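Look for chain A in each of the two complexes below; its partner is chain B in the first and chain C in the second.
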Partner chain A sequence: MSSTGTAFDPQTLESLLTDGGKVLTAPDDLASYGCDWTRIYEPAPIAVVLPKSTEEVQAIVRFANEQHMALVPSGGRTGLSAGAVAANGELVVAFDRMNQILDFNASDRIVQCQAGVVTEQLQNFAEEQDLYYPVDFASAGSSQLGGNLSTNAGGIKVIRYGMSRDWVAGLKVVTGSGEILELNRGLEKNNTGYDLRQLFIGGEGTLGFITEATMKLTRQPTGLTVMVLGLNDLTNTMDVLQAFRNKLDLTAYEFFSHEAIQHVQQHAEVQSPFETEAPYYALLEFEAISDGVLEEAMGIFEQCVESGWVLDGVISQSEAQAEKLWQLRERISESIAPRTPYKNDLSVRVSRVPEFLQEIDSVVQKEYPDFEIVWFGHIGDGNLHLNILKPEDMEKAEFFRRCETVNDLVFGIVERYEGSVSAEHGVGMVKKKYLGYTKSEAEIAVMKGIKRVFDPNGIMNPGKLIDSE
Partner chain B sequence: MKVLVAVKRVIDYNVKVRVKPDNTGVDLANVKMAMNPFCEIAVEEAVRLKEKGIASEIVAVTIGPKVSQEQLRTALALGADRAIQVETDDEVQSLDAAKMLKAVVDKEEPNLVIMGKQSIDTDNNQTGQMLAQLAGMPQGTFASEVEVEGEKVKVTREIDGGLLTVSLNLPAVVTTDLRLNEPRYASLPNIMKAKKKPLETVSPADLGVEAAPRLKTLKVEEPQPRQPGIKVESVEELVDKLKNEAKVI
Partner chain C sequence: MSSTGTAFDPQTLESLLTDGGKVLTAPDDLASYGCDWTRIYEPAPIAVVLPKSTEEVQAIVRFANEQHMALVPSGGRTGLSAGAVAANGELVVAFDRMNQILDFNASDRIVQCQAGVVTEQLQNFAEEQDLYYPVDFASAGSSQLGGNLSTNAGGIKVIRYGMSRDWVAGLKVVTGSGEILELNRGLEKNNTGYDLRQLFIGGEGTLGFITEATMKLTRQPTGLTVMVLGLNDLTNTMDVLQAFRNKLDLTAYEFFSHEAIQHVQQHAEVQSPFETEAPYYALLEFEAISDGVLEEAMGIFEQCVESGWVLDGVISQSEAQAEKLWQLRERISESIAPRTPYKNDLSVRVSRVPEFLQEIDSVVQKEYPDFEIVWFGHIGDGNLHLNILKPEDMEKAEFFRRCETVNDLVFGIVERYEGSVSAEHGVGMVKKKYLGYTKSEAEIAVMKGIKRVFDPNGIMNPGKLIDSE
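Then we have the complex of A and B:
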């Protein structure tokens, strides 16, 4: 839905912002606030509003209901599914100015944040309290908490700490009908019927906007140690995972292909982990709380070499080295960004990963013989990122068209394996038409019913996740 | 030729250092320790000399408590052939360290001693120079390039506004600067092989040196926290603040 009411007047809107919020209409602001990391749709919002408080967000939502205006939420704009793209004259509600940490309770180990708090800001705050916020990913320096929760962001520590959802103790939201709801109020246990909090987590702003979140913190990990292993074959990733998981609690298990490392090294000065060239790599991290744990890890490594799964490996000798080794994995996305990658974010149950990988790999090799493929992923969670790079001499439209023809093949395999077409990137506009490969018609119908309850006029991030009727 | 490399166990470069509440030093309890970054560069340079066929044997040496064997094992994994630990739980200041290293030099008779220009814990930057004096060897400090040519070693040093190249007669002492090389990672197979390499332990007394601190730490304090920035409302306010508060215009 685009703006169809009376002519939009930025001053009327600004007069409703009694806590110091602002309205922006300059073309530069519209272009930058109107899109995320996807480059498929042209941003075209009517204006950008930057509220300072939950009450201002409520005023904006009420205004939008009166004016029949569509709203698009905007956080750090690092999304990969066009969930925060305003391409149809919508009003963008950006949370940049709601970036305060409001309260911290050491005995509850919870921290109350406004939605615009940047992930890294929360991580640093936790560290200052000798605690830890464990959700982490490459875009933590710009992504905002509200966006993380609206997409239930995952990242590199899911194998040990779960998704963003697992760290939410309470939410304050403004629904599409303009109600302020305080959900769960920081309670650990609260069995009083429907847990509405969970609907807003991963709801992509289609039911309402998260304005505050009370997040749980945990103890800091100690002695985090990183190993990077060179693997012989794609399926060995799971053998190695099993071997380590049987004896150690891993805090991360990532994999990437040799092509991925090559892109990182062309893009930045990042050292090769070892001289032996391997087609695939696994990066694993664990807490080396004692020498015994290190000995155990060495023993497992030896066993993996003897089994022929692992060709070579390194282990961090300091935190500085651990950080450098992580760069091999964390800088992949930015290093391939100039090649307009078509990103697939697939997941299946961990036990099904080896067969699934082989099937996808053979389809991809058959269908994309002229395309460069970069594999990486949080394989310990059953989550794979399959990136297809645009050949430099191919038009963007032609490239996306060809990627979409193969999507049906790839997603057909996902459906057979009862997997997900979007493990952690969300649905937005990019994956909307493929939702049916993961969710049944009946499920989608229920989702639409829920949307009508919270957002009767269909003004909250329309056209994302599901089409309202 | 034989190369002696000195390495030191220090607080991990990435750890946020905290001052003890009584201001007597920094808190080292349960803090991650690692090889001093300049020493990593020294080990790497020695290993490269060996890979080029110039060095025939690399001996790593450290001074410190028993746990500092971890850093010797790292040096062995990176390519040192054997290691010597001068084991002591006492505080060892630069001059005493230089005397102990001199005793090791007398015993091992290396052609080249490579060590970090300083350790990141106390930042003294003097042990290498003191050792060179005590052992009567020429010194090439802050090396950004090291080239062994026959009986001489050519050391390029980064100085203000340019490079200074010195040529030293061997045996000599070289201390490493950050740009000399990029140290490799210790590979897991090499870490396992390193466990079987010889590691000899001696005491300061065995070397005829008694640690006698000459400096006393009076107080360790956190740096002053930086004042947070503010936003001004107008150009006039900015000019006023620059004039009357900052007094820069």
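Then we have the complex of A and C:
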């Protein structure tokens, strides 16, 4: 559904916003609110509405149902799958003005937030309470909670702390039929039927919009210590992971290739972790809560060296050193950004990662020898980011066209490994046509049925995730 | 829907079971497979079918759709809400013969199980691999995985390890329309639309039947240490919880009243934890992974005594002592069993527990002064078990009738505290009429809509959780 051709009157909409929400129609606003970090689709919303309350969102949804108008939710607009892009005359519902932390309870360790609260704002709030919100990723400074939850955002601490899904104690949502639902109301245990919360988490705004979320917090980690290890062979990443994980609760286990480090070093003043050169690197992090834990970690490290899995390694002696080592991993994305990387966000079961990665790597290198590939990712979760860099002399359009043909090869391999075409970035418009590589026809049919239950008129973020029928 | 009046032919059904499943119709089998641990409804199934494979379950569901026959799933039959009771001429689908552990992967730490695997079987299997399956409760020796997941079972380690939901990496299910769905296939990260897994977890078999589950395992805990603390005031349970939780990862935080301990001591040879008598007790458990952790715990304990929150306490010095202290909590249920307890399984936000508990306690004592109340529960999760003991001289029927009138008072308070009428036992038939105290009408309407998507003919465990329309 698109609103194109509907006689839309911004003033009628504005008159429904009794809590101070407003409507924007200036071309600049339409352009900026109509897109995310993907730059594939041209933004073309009919207007942008910034509600101030759940009740205003409800009024907007009811208005859209009456007007047969499509709605697109908009948070921090840092998405990588065009899940929040309005390219088809839709009305954008942006949550920037619903950015309040409403309540906090220290005993319950839960904090009630409006959907427009920025991830970093929540992280900082937790820190002020001597607590911790552990979901963290590159776009934390601008991504909003509502968007994080709608895409079930992951990031660099998933191995210990899970996805955004795991931190939701309650949700307030407005469904596509304009009902306000309060889901789970902050309870730790509540076995009273289908857990509808879970459908809105990762639902990409296609069933309704999240307007408030009650998030769990946890205690702050202490003595975070980082090791960077040089590995000779990809399969060793798994041996090392298992050796450490059997004894310690890792808070991160990341992976990057030698090529990735080279890009970081060309881009920024970041030192090599050690002199020995290795084709692959693992970065692991844990809480050195006592000297005993540190000794244990060193023991496992020595055992990994003796087993021939690890060529060399370094361990942080201070928080500053730990942060420095993290730079090797965290600055990869910005280092390769000038090369217009085509990003894929794949996952398979952890044990299959080495074989899977090698198969894709060799197929892409064989079919596209002029493409440079940079691998990195959350290997402890089976999640790999395949970045294909644009050759300097190739036109952007031609490059993206060729990447699309790479996709069919890559996703064919993903399907054979029973993997996911989107580990943490969601589906949106970019991955929609590839959904069948991960989900069966029967499952997609059920998803469409569920969409009709919540959104009978198909006005909630249409064209994203699944096609209506 | 009921099959009463349908001409059911066991031989036709048996002929569909090509993998060795069988059909039972002997009165003893009907009686034992038709019920769970509740004894409110008279079992009256038309037959019991024991499939051997997912494909046989699919054949049964297709048969039931053709015959307009209601199906009831049956696992270990330890349920406390009559979710697996067949009282209305249904065909029972029992998973006893689908009890194989099919696959295990050490790197992925996941284990693929058929739905009929017994909880303890999975716990033992994990231990043999030097790993740990942390969901644990009194009925672990007979409850089956499929049932645990269909009710999202909780238990005594939820504060650290979460509910059954948190350990599911993948599910194979047969929907009410006879489709086999493979949900999430063991992936750690997979953001490709609605996470349908979550609907089957806690779905009580009303959408379809779980036939296989891929479960996550974790590392074994080390140095589990137990403290039992005597508290003077109920509100102190929260102060103590917070003090410990800010520094340590608790693996349990349980609660029981002086009356509960008295019943245990009358029933079994269990010593008092210490001489000081206290009206309330907290049992907490943590991993003393090093001497530093133990010192930290002792420091917090001293601080709790100084603050006047704790009257006295004891700490286990060995695994045997830890187990002994656990008896104080674990043997409560069997100690009060001879008194025909009427059980409620309530939850509120953790911080509201003291006030909530006192309010219910005083209402029940005022209105029913002849009833003895025993409180215990997973207070660290906000989950309380309210047990009303039958006066010796009261008839059972009269007692249950009066308990039902207590329910309306109790659930009215639950509603006011925004709590749950079923924290971990599920809804089934016993709690169905009280669902509205926890869920709104709009939410229940959505649940019914979702049921129709998966089970258009309403043959899957009808009459449980929600009524069809």
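A few comments on the model shown:
What we mean here is this: the second predicted complex is superposed on the first by the 466 of 469 C-alpha atoms of A that agree within 3 Å, B and C clash if a C-alpha of one lies under 4 Å from a C-alpha of the other, contacts with A are read in each partner's own complex, and residues count from 1 in each chain.
Criterion: contacts are C-beta pairs under 8 Å (C-beta built on N, C-alpha and C of every residue); 3 or more make two chains touch, one makes a residue touch a chain.
Note that this is a predicted model, so its numbers are computed, not measured.
When the shared chain is aligned, chain C comes close enough to touch A:106, but chain B does not. After overlaying the two complexes on the shared chain, residue contacts for A:424 are found with chain C alone; chain B is out of touch. By the touch criterion defined above, A:188 lies against chain C but remains apart from chain B after alignment on the C-alpha atoms of chain A. In the superposition on chain A, contact of A:394 is made with neither chain B nor chain C.
In the superposition on chain A, contact of A:158 is made with chain C only, not with chain B. Once the two complexes are overlaid on the shared chain, A:245 sits against chain C while remaining clear of chain B.
If you count the residues of chain A touched by chain B and by chain C, you find the higher number for C. When the two complexes are laid over each other on chain A, chain A has no residue in contact with both chain B and chain C. Those residues of chain A lying in contact with chain B across their complex are 222-223, 227-228, 271, 273-274, 298, 301-302, 305, 312-323, 325. Considering their complex, residues 105-110, 130, 151-152, 154, 158, 163, 165-166, 175, 179-183, 185-196, 198-199, 201-204, 207, 219, 238, 241-242, 245-247, 249, 289-293, 347-351, 378, 381-383, 418-427, 431, 435, 438-440, 442-444, 446-447, 449-450, 452-454, 465-466 of chain C touch chain A. Remark: chain B residues 12-15, 30, 32, 34-35, 37, 74, 182, 184-189, 191-192 touch chain A in the complex.
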